[in-house]
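Presented sequentially are two complexes of chain A, the first with chain B as partner and the second with chain C.
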Partner chain A sequence: MEFFTVRNLTMKFGGLVAVNDFDITLKKGEIVGLIGPNGAGKTTVFNMIAGYYAPTSGTIHFQGKLLNGKKANEITRSGVARTFQNIRLFTELTVVENVMIAYHCRLRSTFLGAALRLPLYRREEKQMYEGAMEFLREVELEDLSREQAGSLPYGMQRRLEIARALATGPQLLLLDEPAAGMNPNETQDLLQLILRLREKYRLTVFLIEHDMKFVMQLCERIQVLDYGTTIASGTPEEIQQNERVIEAYLGEG
Partner chain B sequence: MDEHHRRNQIFSIIAVACLFLFLLSMHLYADDYQIRILNNIALFIILAVSYNLINGVTGQFSLEPNAFVAIGAYTSALLTLTPAEKQMAFIIEPIIWPLSVIHVPFFLSLIAAGVVTAFFGFLMGFPVFRVRGDYLAIVTLGFGEVVRVVANNTQTITNGPLGLKGLANYTNLWWSWGIAAFTVFYIARLVRSSYGMAMKAVKYDEAAAESIGINAFKHKMLAFTTSAFFEGIGGGLLAHLITTISPTLFTFFLTFNLLIMIVAGGLGSITGSVIAAVVITWGGEALRVVEEPIRLGFIEIPGIPGMRMVLFSLILVLVMIFARQGLMGTREFTWNGLFRKIRAWTHRTAKES
Partner chain C sequence: MDFSLIAQQLINAVSLGSLYGLIAIGYTMVYGILRLINFAHGDVMMMGCFFAFYGIMIFSMPWWLSFPIAIVLTAFLGILIDRGAYRPVRNAPRISALITAIGVSFFLENLGLVVFGGRPKGFPRPEIFGGIYTFGDIRFLGLSIWVPLIALVLLSGILFLVYRTRVGRAMRCISYDMETTRIMGVDVNRIIAITFAAGSAAAAAGGILWAMKYPQINPLMGIIPGLKAFVAAVLGGIGNVVGAMLGGLILGMAEILLVAIRPDLSGYRDAIAFGILILILLFRPTGLMGEKLPE
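Let's turn to the complex of A and B:
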């Protein structure tokens, strides 16, 4: 059984074909990159996988199960978590609350049990808090756990969003431009972080990124989109030498 | 997680005891008018806090409380009236079976009011939240009118425009404040639990909430039906406070009052809703003077009925312009917060002297 397969995925917005016949297969534990010029359709691919857009056609299978037609929250609970290109934290809540909430979908306490703080809920709340702190330690934000999430600098918000996604207990992690807005040092830390998290939580990572150095260093395979169509896929070395890729990027600038 | 847990518990018990002693002294010494105001305050606390759960905490702007209160009031009233009383009251057409024979104690009728109202909340919320939240305000506004029209025309159930009269005056300080305390306690805890956090997540950013596995639809439904449950119980209390109910009682005016309360108190703050319910209900009584003729020396200003409404609307407009967050924003009262404030204050005054 394939871990994750996408076949003939197409998304049309009116007359615009944002993504055309997109195919990809991910093996468990891989780190794969999705690159391409602005507006190529990368985020649209993520939005379809994560259940935010209903594909015009095509199929998405995760661990043998069809994801098409499922709601975003169901897809997350089945083990596919994501982050957003334009960070979407709950800025008014604290840092630790942002991560704690991500445990809610795994809560066993009932609505009544939680409101009445029955023993099971109190145990679960403790686990939630400790688990959230664990993930914050992982992304080096535990000292800021009581700060308002919106008050953190950009780079930290990106890491917090990753911690929040991790707390849902995913097997496949979709990262949409995780290094955007980071300085070179932060980007290097992020690279190490992603490698570490992959080992520790046995993750498969599928990421979109414009920082080529970052992508080439981190990813084992890369797929390139241009105007919604896949123009190349292969190892970082192959991609760097690919004529069509060079053209697409030169054409852009 | 909280080192002051014990201390806070003790203070909470003391606070409840103080409330009890206050109510006891009012029960013994206050006149009927004062008691009625106190009952009204408790009732509006119940209604405002539960309305805030869906509008403030979960951020789904809706306009249905008058409908829910009506359903609760009728349910409870029809259950506490004796079969003989019902036979007497329904003079145009007899009441249908089995309502004609059911007769239950007050407390059970309140529970039934809550459950029946929650059921209606579920029926209404399901299609609306399934499709798109944007229509919620319109649909719930319409629902309030539909309930009134139905109440007016289902002669064999609601007795139509005649309404239900001569209900027992069961709602006393103990019922109203006991249930108000429970409502606040329950909803405050709910909001603090992870279900409450999930509801807030839906308010702040539904897409982000879904991305961490929160079923936005389910949590809106939970908030809405819980809100309906308590609004329904509030309706039952109301019916047995004023002892006469008819369709004209449950106009949008009631919803509008509650809306002012939750906005002025701070959308999403239980504490704010409680404070606003107390101040506005009490202030509303005090403001009755503006609807009475006023003599200023030689000039006599005639009383203008509805003047209070104008003032209330003005309050709402001013809050919207100058204090969008309301009194409390989304903050809540906590003992820890109070003690922090006191410490900071004593610290400051010690420094100054």
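Let's turn to the complex of A and C:
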């Protein structure tokens, strides 16, 4: 059984074909990059996988189960988590609360349980808090757990988004431009962080990124989109020498 | 005006104000989470009254059984309304949801007219709430003390729910960004259902107290209290639970004060609420405790 397979995924908005016949297969534990010029349809691919858009056609299989047609929260529960290109934290909540909300889907006790079976509820609440702190430690934000999420600097907000995605207990992690807006030092730290998290949580990582140095260093395979169509896929070395890729990037500007 | 008269009016004002506040809580919770003015809310309150009424009159239940059952039934009615009417238009423009809410309101009122009949019915007032107490010159109905107490208990319960529980955390997240909350694995529809249940339960409690205070019920009884509670919610800052209660109290004070100071103007009593609404919308549209408008 394939770990994650996308076949003939197509998304049309009216007459515009945003993504055309997109195919990809991920093996467990891989780090794969999705690159391409602005507007190539990369985020649209993520939005379809995460259940934010319903694809016009095509299939998404995750561990043998069909994902398209499921609701976003069900997809998250089945083990696919994501971060956003434009950071979407709950800025008015504290840092630790942001992670705790993502922990919901791991817990068993219901609303009635909260009222009636207090011991289980309390135990879970404690477990939730401690679990959330664990993920914050992972991204080195545990000292800021009581701060308002919106008050953190940009790079930290990106790390918090990763912690929050981890808290949903994913096997497949989708990162949408995780290095955007980071300086070279932060980018290097992020690279190490992603590698470390992959080992520790046995993650498969699928990421969109514009920072080519970062992508080439981190990813084992890369797929290139241009105008919604895959124009190349292969190892970083192959991609760097692919003429269509060079043309797509240079042609853009 | 002497002291006892002031004390007397104060008791009346707090009692009336907490009723508005209780009903306003439901408006404000639903608005906070869905950005929807649930215009059917006053009618949900009316249904709560009829459930309680029939519990006592047809099923001969004692009040302490009938009232809680009515509150629970009304909570389920709230869930049903969300499921049947609002969920299908969840992703439609807000104006569609608003019109749907007005439709639900008319539906409940007319359903009430058909099923319960239009003739007003006398609502029983259990002895425990009906006693008249006298302190010196101050005379008041036992109910006038019960209403603020019950309102306080329910308000605390709802604040606990919103700020101290997991469900409440999810509610606050949804009010901030529903899509992202869903992607965090939260079953958003379930949380919204709980919000409707809590808001409707508070409305039923408010309605039953209202029916004991003005012991006549009819299918259109929810309109005016509903509109006034809406004003209270806007006054307090819609989306803010404490604000809703505060708005209710201020509105109650204003009404009672007008009647106390200028009895000849008491016919304009209902105009106060809408006067306040106009002023608030003109000068402080986010209400007393409202947050800044999101961009």
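Please note the rule applied: the second predicted complex is superposed on the first by the 250 of 253 C-alpha atoms of A that agree within 3 Å, B and C clash if a C-alpha of one lies under 4 Å from a C-alpha of the other, contacts with A are read in each partner's own complex, and residues count from 1 in each chain.
Here is the rule we go by: a residue touches a chain if its C-beta (ideal position, glycine included) is under 8 Å from a C-beta of that chain, and two chains touch if they have at least 3 such contacts.
Note that this is a predicted model, so its numbers are computed, not measured.
*Asks:* Once both complexes are superposed via chain A, do chain B and chain C end up clashing or fitting?
*Replies:* Verdict on chain A: clash between chain B and chain C.
*Asks:* Tell me which partner A:K126 touches in the superposition: chain B (first), chain C (second), both or neither.
*Replies:* In the superposition, A:K126 contacts chain B only.
*Asks:* Between chain C and chain B, which one touches more residues of chain A when both complexes sit on the common chain A?
*Replies:* B
*Asks:* Check the residue A:R137 against both partner chains and state whether it touches chain B (first), chain C (second), both, or neither.
*Replies:* neither
*Asks:* Go through the superposed model and pick first if A:R244 touches only chain B, second if only chain C, both, or neither.
*Replies:* neither
*Asks:* Counting only touches as set out at the top, which of chain B and chain C does A:R202 meet: first, second, both, neither?
*Replies:* After superposition on chain A, A:R202 lies in contact with neither partner.
*Asks:* What is the shared patch of chain A, the residues that chain B and chain C both contact?
*Replies:* Touching chain B in the first complex and chain C in the second, residues 50-52, 71-73, 76-77, 81-82, 84, 88, 90-93, 97, 100-102, 104-105, 107, 111, 114, 125, 128, 164, 168 of chain A appear in both lists.
*Asks:* Quick one: in the complex, what on chain C touches chain A?
*Replies:* 165-167, 169-170, 172-173, 176-177, 179-188, 194
*Asks:* If we count contacts the way the header does, which residues on chain A are in touch with chain B in the complex?
*Replies:* Touching chain B from chain A are residues 50-52, 71-74, 76-77, 81-82, 84, 88-93, 97, 100-107, 111, 114-117, 121, 124-126, 128-129, 164-165, 167-168.
*Asks:* Can you tell me which positions in chain A touch chain C when the two form their complex?
*Replies:* On the chain A side, the touching residues are 50-52, 71-73, 76-77, 81-82, 84, 88, 90-93, 97, 100-102, 104-105, 107, 111, 114, 125, 128, 164, 168.
*Asks:* For the complex, which residues does chain B have touching chain A?
*Replies:* Touching chain A from chain B are residues 1, 186, 189-190, 193-195, 197-198, 200-201, 204-205, 207-216, 222, 330.
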